[in-house]
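Take a look at the structures below.
Next come two complexes, and both contain chain A; in the first it sits with chain B, in the second with chain C.
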Partner chain A sequence: MIGRSAGPASGEPMTPVLRARGLGRRYGRRWALRDCTLDIPGGHVVGLVGPNGAGKTTLLKLAGGQLAPTEGSITVLGGHPASGAAQQARIGFVAQDTPVYAGLSVADHLRLGAGLNPGWDAALARERVERLGLDPAHRAGRLSGGQRAQLALTLGLAKRPELLILDEPVAALDPLARREFLQGLMEAVAEHEFSVVLSSHLVSDLERTCDYLIVLVDSRVRLAGQVDDLLATHHRLTGPRRDPDRLPAGQHVVSASHTDRQSTFVVRTEDPIHDPAWTVSRLTLEDLVLAYMEGPAPAQGRPVLEVRR
Partner chain B sequence: MIEFYLDGRSGVSPYLQLVQQVRHALRLGLLREGDRLPTVKDVVARLALNPNTVLKAYRELEHEGLVAARPGIGTFVTRTLTDASLAAHGRLRKDLLRWLAAARLAGLDDESIEALFMSAFRTSSQEDIA
Partner chain C sequence: MMWLTWRQFRGAAATTGAALVVLAVALALTGPELASDYSAGITACARDGGCGQFFDRFFDDYQAPFQAATVIVLLLPALAGLFWGAPLVSRELEAGTHLLVWNQSITRTRWLAVKLTVVGGAAVAAAGLFSLAVTWWSAPLDKSAAPGFTLMDPLVFGARGIVPMAYAAFAFVLGVTAGLVVRRTLPAMAVTLAVFAAIQIVMPLTVRPHLLPPVSSAFELGPENVDSFGKSSDREFPEVVLDSAIPGHTGAWVLSSRLVDPSGRVVGGDGAPVTVRVSVTSGPCAPSQQAQEEGRGMDGCLAEINRLGYRQRATYQPFERFWAFQWIETGVYALLTLGLTAFCFRWLRRRLS
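Now for the complex of A and B:
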């Protein structure tokens, strides 16, 4: 059983695993990430979602210390990402498309992992490879996509990091391999209690696995919060046409669409909705994310929306 | 032992789905006092679900007095939900069938019946809140 009882549900503020202040990164003239201010609390599996090109990979690489910021600051687990070996040992990084060395065998990968990582958990690595049915003598280049991903995950897990970062780990996998990968990841989280940040452009991948969600659109953070809170505080209202200004003060409009007689709003509110004119329905996480992606961008300088309870 | 599932399209958060499935099983007598719930790790590994979600569901059930965690052993059902209201189900069902027959006789189709029922249901729940 896992003992993170001081974790998310109790509302205790923990040391943030990632803190960004005005973080930005430019490639030539193009900003890949801009004005990113973010606190990711510890003890979560955090989903980073957004369209392709929104800045997800850039943010993750900044967190992993593979990129340096152009402006602003970022700390990960309280330290600077590129500050050296001690910091690197605390963070696992599984890069996009879960790369492995095609010419090396499974056993070679484990030996390499053991040599490079001071906290290497050889038993965990061996046990996982066995359970996955991988032949240690098999060359990585000849594994299936799902097996390669599982090998890359094994390397990330056996490092026993405090934070594991995964960039689109399942994007290239078929549904079954995707499921098996996420099952293995979740099982490891239950057993070893580490924080996870994983990115995806598909919300459906994140719906079950993540308890904290960050939506990145056009290189900016549009939404950040605990998934349960997000689902509990967002509603779809359908009813006779109404001007958004005439909604109660506590109801913040995320998206609105109108026909000549009917209005449909996605609103965020902490209060129950009593108005009998509305048909109130729940949103799936995907609906919710889409509403934020479609909705108007918040004005410059306005604080990023965070749902707190 | 209960086997959990998740409905991704319901808009109900996963932790609430787990809570509701346990309550439902208790109401129908599928789970009884003394039964063990699956371990967090088992649920997580089967459903590819976040462990915090399962923990939160189990804490909620514990808070409601329905289950108790015995450290190192597991989480066990401590009480049932098959209550006295079960006796009233038969009569209520008969009333409802009579009402449905009357609605069809009046020319309502299935969708109209559902819309009317949901609208009346919402009005009555809102009156309860107010």
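Now for the complex of A and C:
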């Protein structure tokens, strides 16, 4: 977790970079996001994870000001997302599939970024393009997927935003390009100190980069917190079969599975676990996320988190 | 934003610029000769009469380039709508690049405003220049044009003066609107073409005649408004076919041209043959009489029909209203353009994501 200490003021209380209250967005009759109340503190690399269709893109588009909420409110960096160019200058946004102008060259892209952003960091952009080995005269349409994503990231970084939002930036990339992209992102975070919100349906992408995690399922926030805290307060308990109601009051069951003789619980608790009947094991981030997806899930037939290594 | 818009548009601009230059050169090379032919012909025919024949011959000689130039100016607005308007936004939506540009420090309102101004302005300028060049070039032809090809006639009217600019602006914004709503380039182009063609047909047929109240008046029959006069052997009375022209009002846009009988009743017309109850066994319309007065031809017979009380009743828009109509129609299309533009901005803010 490279980004752990990268924030501008780790440990200090921060004004939230994103604050949502009862936020909802409807497309026609379908709610893409519902009843979302969320505070994302500043100075973190935040991973937004959830199955496809959970509302990740909708939440990010609301934050970027590309969508207006149907209900509720959202403020980003203290301002309304769609309040104008000044607000937009503070937020970088790398859209899903990292679109670039196929007919324009790499240099053209840097020029358009310079023309459209008052805070454009030309040196950063130039240096990044050089380091990536991109030929400025190369047409963006002929770049590989990884290079295209890097170009889009360069545009987002050179804008020098206070908050950079990335919507599934690596979903279409091969593992190597994916790693290079996330590495580049982490280096930039370490160097320039800005907040990041990054969505993915792959926990493994987030594990290496994020120090704050939000799990979104069925258009609702299921879990939000610092990765360290989450890992420290969640445990897997394995032991003789037992009814969940008979667990101590401080232990909240996230998920439970039973065989004839044995029960396995994932519990959240602040307290140490003393019961000698349990074998207590630590959870990986992926286990944790999966537990919340499987957990007290009311809906039937929803998409399941995709897990890849 | 200006730079980006120009960078995306410069290919199309160069193509159009090249076409404009080619056309301008062609017109500049042939225009002076056309004008001198015309003035020489006018001088000659004023001396020995027969300017009518000169007009016919002169117009016939140049009809092909005249029609080609007219068609180019008529098509240009549609092309602007199809190839500049429809892809302007839909191509970005298809490629997802609108998300790239909207995430720079620029509002999408400003983004669309710059695109509309730069590319739309270029469309209007191109149409204006084409129209200006063709209007200058064809001035002698417009003066000698046969009925159906005068300045006030629907096809030529739309290819002269200032209306092509208004058409281009409208077609362009129509294309942009279609692209915004349909979100795909090819269907947007199809929609643009269909809607623009329909409007360009409906406008001259149903709206333009009423932009100013048409003049209605009765005229005596004469060689200018009678197309043909004849009698088939199985009928008692001859039939007359009226032209869409009226005596003394050259270049007027004749909306209807009908024959009224001595009692004032409309008996027919608008291109269809109408029976005239005039004797062909005796009097000026009898074949024997016509043979006697060789050279006077139909004149005596038409005089007799006029004496009986037959008249042409025509409603028309006089030629003098050409510029008034140009301004009014430009205004109408400008309003449509503004309406669509407002719709585009509204749609962009409310409906797109």
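Everything that follows uses one rule, which is that the second predicted complex is superposed on the first by the 285 of 309 C-alpha atoms of A that agree within 3 Å, B and C clash if a C-alpha of one lies under 4 Å from a C-alpha of the other, contacts with A are read in each partner's own complex, and residues count from 1 in each chain.
Operating definition for what follows: a contact is a pair of C-beta atoms (placed from the backbone, for glycine too) under 8 Å apart; a residue touches a chain by one contact, two chains touch by 3 or more.
Predicted model, so just to flag it, every value in this text is computed and none were measured.
Enquirer: Quick one: classify A:Pro169 as touching chain B (first), chain C (second), both or neither.
Expert: After superposition on chain A, A:Pro169 lies in contact with neither partner.
Enquirer: Looking at the overlay, does A:Pro69 come into contact with chain B only (first), chain C only (second), both, or neither?
Expert: In the superposition, A:Pro69 contacts neither chain B nor chain C.
Enquirer: According to the stated criteria, A:Gly156 is in contact with first (chain B), second (chain C), both, or neither; which is it?
Expert: second
Enquirer: Of the two partner chains, chain B (first) and chain C (second), which one does A:Val189 touch, if any: first, second, both, or neither?
Expert: first
Enquirer: Tell me the contact category for A:Val45 with respect to chain B and chain C: first, second, both or neither.
Expert: After superposing on A, A:Val45 lies in contact with chain B but is clear of chain C.
Enquirer: Between chain B (first) and chain C (second), which, if any, makes contact with A:Gly146: first, second, both or neither?
Expert: Neither chain B nor chain C is touched by A:Gly146.
Enquirer: Based on the A-chain superposition described above, do chain B and chain C contact any of the same residues on chain A, and if so which?
Expert: none
Enquirer: So in the complex, the part of chain B that touches chain A is made up of which residues?
Expert: Listed in rising order, the residues of chain B that touch chain A are 6, 8-16, 39-41, 44-53, 55-56, 59, 69, 71-72, 122-123, 126, 129-130.
Enquirer: Within their complex, state which residues of chain A touch chain B.
Expert: My answer: residues 1-2, 4-5, 7-9, 43-45, 179, 182-183, 185-187, 189-191, 204, 207-211, 227-228, 231-232, 272, 274, 276, 281-284, 287.
Enquirer: Quick check on the complex: what are the chain C residues that touch chain A?
Expert: 1-4, 7-8, 95-97, 99-107, 110, 350, 353
Enquirer: Show which residues of chain A lie in contact with chain C when the two form their complex.
Expert: Going through chain A, the ones touching chain C are 61, 64, 66-68, 84-86, 88-89, 91-97, 99-104, 108, 111-113, 115-119, 152, 155-156, 159.
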